[in-house]
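Structures are listed in the sections that come next.
In the two assemblies presented below, chain A is common to both, partnered first by chain B and then by chain C.
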Partner chain A sequence: MSEASNASPVLLDVSGVSKAFGAIEVLRSVNLEVKRGEVVTVIGPSGSGKTTLLRCVNFLESYDSGSIRIDGKEVGYLSAGTRQRRGERDLAAMRAETGMVFQSFNLFPHLTAAGNIMLGLTKVRKKSQAEARSIAEHWLGRVGLAHKADSLPAELSGGQQQRVGIARAVAMEPKILLLDEITSALDPELVGEVLAVVRSLAEDGMTMLMVTHEMAFARDASSRIVFMADGGVSAVGPPKEILAAETTNERLRTFLARFRASYF
Partner chain B sequence: MLGQILYALPFLAQGFAVTLWVSLLVVVLSLIAGVLLGVGLVYGPLPLRWAVRIFSDTIRGIPILVLMFFVYYGLPAIGLHLPSFWAAVSALTLFKTAQVIEYLRGAVGSIPKGQSEAAMAIGLTFRQRLAYVIFPQAFRRFLPPWINGVTDAVKGSALVSLLGITDLMQAINQVIGRTYEAMPLYILGALIYFAVNYALSLASRRLERRFSFIRE
Partner chain C sequence: MGYALNFNLIWRHFDKLWGGLLLSLELAVISIAIGTVIGLVLAVWYVSAGRTVRAIIAAYVEFIRNVPLILLVYLVFYGVPTVVDLAYSAPTSFVLTLSVYSGAYLVEVFRSGLEAVPRGQLDAGKAIGLTPWQRLLHVRLPTMLRITLPALSNTFISLFKDTSIASVISVPELTFGAQWINFNTFRIVEVYLVTTAMYLVTGYVLLFGLRLVERRFRAAR
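The block that comes next holds the complex of A and B.
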């Protein structure tokens, strides 16, 4: 079965996913595909469901209907038809295959930078302390923080914390990396160092789905851009197409115009 | 006078041993039950949360003394006869358990939701999230009120004397009954309780300092 799924170029398949918080429909039958090695960026006005969609992919949020598959395997539920949730162990194992980086970093404050990365490696991947430590050091080196391995998160700057957050996620060797507005909580001068790390991961062929307000970065680093509005996918395409000022999509044009007015 | 007190010391020591034994039982049993029920209150399914909430609110709303008399004199009506020692220990444990539930809820509730989510995202199971992410951080907030609660348990154990158990309090009263030296004996008793509780709060302060490196 795994061979058959590996043959498919589609890694993440979101189809017809809907979700409501009470009377508010945050996701309306969302369809989205991410192929292996692709970097797909989700943009859109706040409240358009971008973050909720991302959180559904590793089942931090449940959804009311539809199907989300990673490598052909249904996420969260036992099958697309039922709303029967997977058991705790099953869910945990499934989540270990998707890495997530958070807007607010969410590093574990009682563990060092290396400790943050090692926790999943030792407890989930069952690696020895020594092996986990060397993997942690490797990734800290990749994000330029080899010298901070034994620092607590409180001793790191926001940009450094977020780079540890990325290292923690990729060290688990996830199939796909989810990035949720990872530079939104950073001071402007720290954004660059974090985006540089993401760019180098993209060059390595890491499959990524990210939500961002960094339009320039989205344009340069994405294979495709998804524009969401009112809980649905309003436009999908290569960056040049989506970010073109002369787009015929009314909502997208308004969004981009407002964006240019406030950010440039 | 001093001679009489010295004469009574071995007897008081026996009572003190009972006080320590009761306190230890109450503290350990309530810690286990309170942490389990507290986790149920924070993370459990709705019916369990409600059950724990009702248990905790009810127990905390009843004076310990009433609870103790209820267990000892009331429960036999439904066929549950507990010896006085265990009736007293159960009542004190019930009361302390309700407090531990609240300490745990407060401590765990103070940990930002993002911590659980980050722990989920790397694939930790519920138990692993508690053991490696939530509890280590909640511990520092749990400790100070809990140690306070431990000193309360030691002091509150004096109530068991009212069920005729010869703890330190009861032993003092019995010696006074024979010697009529109330003042010096009560002072001695107070000093013993104080010594235990002061030692506990010193230990607590050391522990708090030991864990203060965990910053948010």
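The block that comes next holds the complex of A and C.
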């Protein structure tokens, strides 16, 4: 909205966000800030609300109370106070400012790799076919798939599909990129190629909020790590601090211990 | 065992069959086209509507599916004009009936297809900022089409065969032509053999064409 907000170092501001599915509280007054250029990783046991939190940030899920702001603009609702839902066109325009990469890729099966990237560029960003095509080719090159521009998703491996998924999200030039367990559905040998792409985006200064179970990657690539448990933020800090074996946070220690036990 | 096959009389009146087949196809194409529009619109409406609209659409589908087509044909051709001041020819009446009839079946085909589109694809459409209308047009309908094409082909073939019911209100389509020849020549075996072959070949040609379309769509961009 106002240009003044661009000066703020905080790009994503989640404050007091709560959400329940029926009687189950999945988010309990979550607070979280992501600054411009930061890579923030959310870890935690399954069912701790990580994915729901991410889906609230681009309003794929609504939330019951609290406020989420991107670049000073309230997400999903006209204002945190009134809780009046934005209109569909408004929501669409807002979602175009956040990129999302999904665990199960979710490529459009009827479109080629380039077509998947071009859809948002032509329909949302109103770019010409030729311009969209050249942007798509640029990003396919960035993710190492220049030669697969005309392949359909079904002709690509999981790792390749996910790289197209990333290219589709970043080609829209979002303010923030949301990565939802993007390597969880991949064969182990394909994880590396996807993480390499994420790493190079981080080096470019892309602001990212990601949920992952790749602890080594979280340690190396994150500015900060958020540990969620039972729908709330249990610990936040730099990777070294959070992933330290001698942490005093008992839930975190149990989580990490279980993690180490299952992975090593 | 004195019955000797003699096709000569059939060939002499073959124009009745050939003209009938063309009319059958015409009835089918027009009815299916209208039915497809009805089916698509109602299916899209159904999946996005509230309880009341859903109940009304479901009632239409259930009504049509549980009443024999031949009864609907009688009802529309003989019944409706006696109640309301409307006059239409038998072919128009039949097209009207088969359109409404096929619409009900096609609502079901399209509805199940729309509901089978994975939610993740719709999420992805939302995430790149597509509006609901754009998501429907560029994400949901193309995927729905790919999912439903095989079922759609079967429904189309089935509806083509249903045009034979038009013979009961004297629409001169293929079955009516066959009956005419039978009444006038008594070559019952020959005429129905030839007619069966004509339905069979036409059905196969239609199916082959639809399979080509399916294959194209599977590879299309």
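Going forward, the second predicted complex is superposed on the first by the 263 of 264 C-alpha atoms of A that agree within 3 Å, B and C clash if a C-alpha of one lies under 4 Å from a C-alpha of the other, contacts with A are read in each partner's own complex, and residues count from 1 in each chain.
Going forward, contacts are C-beta pairs under 8 Å (C-beta built on N, C-alpha and C of every residue); 3 or more make two chains touch, one makes a residue touch a chain.
Note that this is a predicted model, so its numbers are computed, not measured.
Chemist: Kindly say whether there is room for both chain B and chain C on chain A in the superposition, answering fit or clash.
Modeler: Pair status: clash.
Chemist: Is A:92 contacted by the first partner chain B, the second partner chain C, both or neither?
Modeler: both
Chemist: Which partner does A:52 contact after superposing on A: first (chain B), second (chain C), both, neither?
Modeler: Neither partner.
Chemist: By the touch definition at the top of the document, which applies to A:152: first (chain B), second (chain C), both, or neither?
Modeler: Both partners.
Chemist: Between chain B (first) and chain C (second), which, if any, makes contact with A:123: first, second, both or neither?
Modeler: Touch status of A:123: both partners.
Chemist: Figure out whether A:102 sits in contact with chain B (first) or chain C (second), or with both, or with neither.
Modeler: both
Chemist: Quick check on the superposed pair: does A:222 touch chain B, chain C, both, or neither? Answer first, second, both or neither.
Modeler: It touches nothing on chain B or chain C.
Chemist: Output check: A:112 vs chain B and chain C. Expected answer is one of first, second, both, neither. What do you get?
Modeler: A:112: touches chain C, not chain B.
Chemist: Pick one for A:60: touches chain B only (first), chain C only (second), both, or neither.
Modeler: It touches chain B and chain C both.
Chemist: Could you say whether A:41 touches chain B, chain C, both of them, or neither, answering first, second, both or neither?
Modeler: neither
Chemist: Which parts of chain A are touched by chain B and by chain C alike?
Modeler: Correct list for chain A: 58, 60, 88-89, 92-93, 95-100, 102, 104, 106-110, 119-120, 123-124, 152, 168-169, 172.
Chemist: Using the touch rule from the top, collect the residues of chain C that touch chain A in their complex.
Modeler: Within the complex, chain C contacts chain A at residues 118, 120-121, 123-132, 134, 138-139, 142-143, 146, 217, 219-221.
Chemist: So in the complex, which bits of chain A are touching chain C?
Modeler: It comes out as residues 58, 60, 88-89, 92-100, 102, 104-112, 115, 119-120, 123-124, 150, 152, 168-169, 172.
Chemist: What does chain A use to touch chain B in their complex?
Modeler: 58, 60, 88-89, 92-93, 95-100, 102, 104, 106-110, 119-120, 123-124, 152, 154, 168-169, 172
Chemist: Spell out the residues on chain B that touch chain A in their complex, using ranges where they run on.
Modeler: Against chain A, the touching part of chain B is residues 112, 114-115, 117-126, 128, 132-133, 136-137, 213-216.
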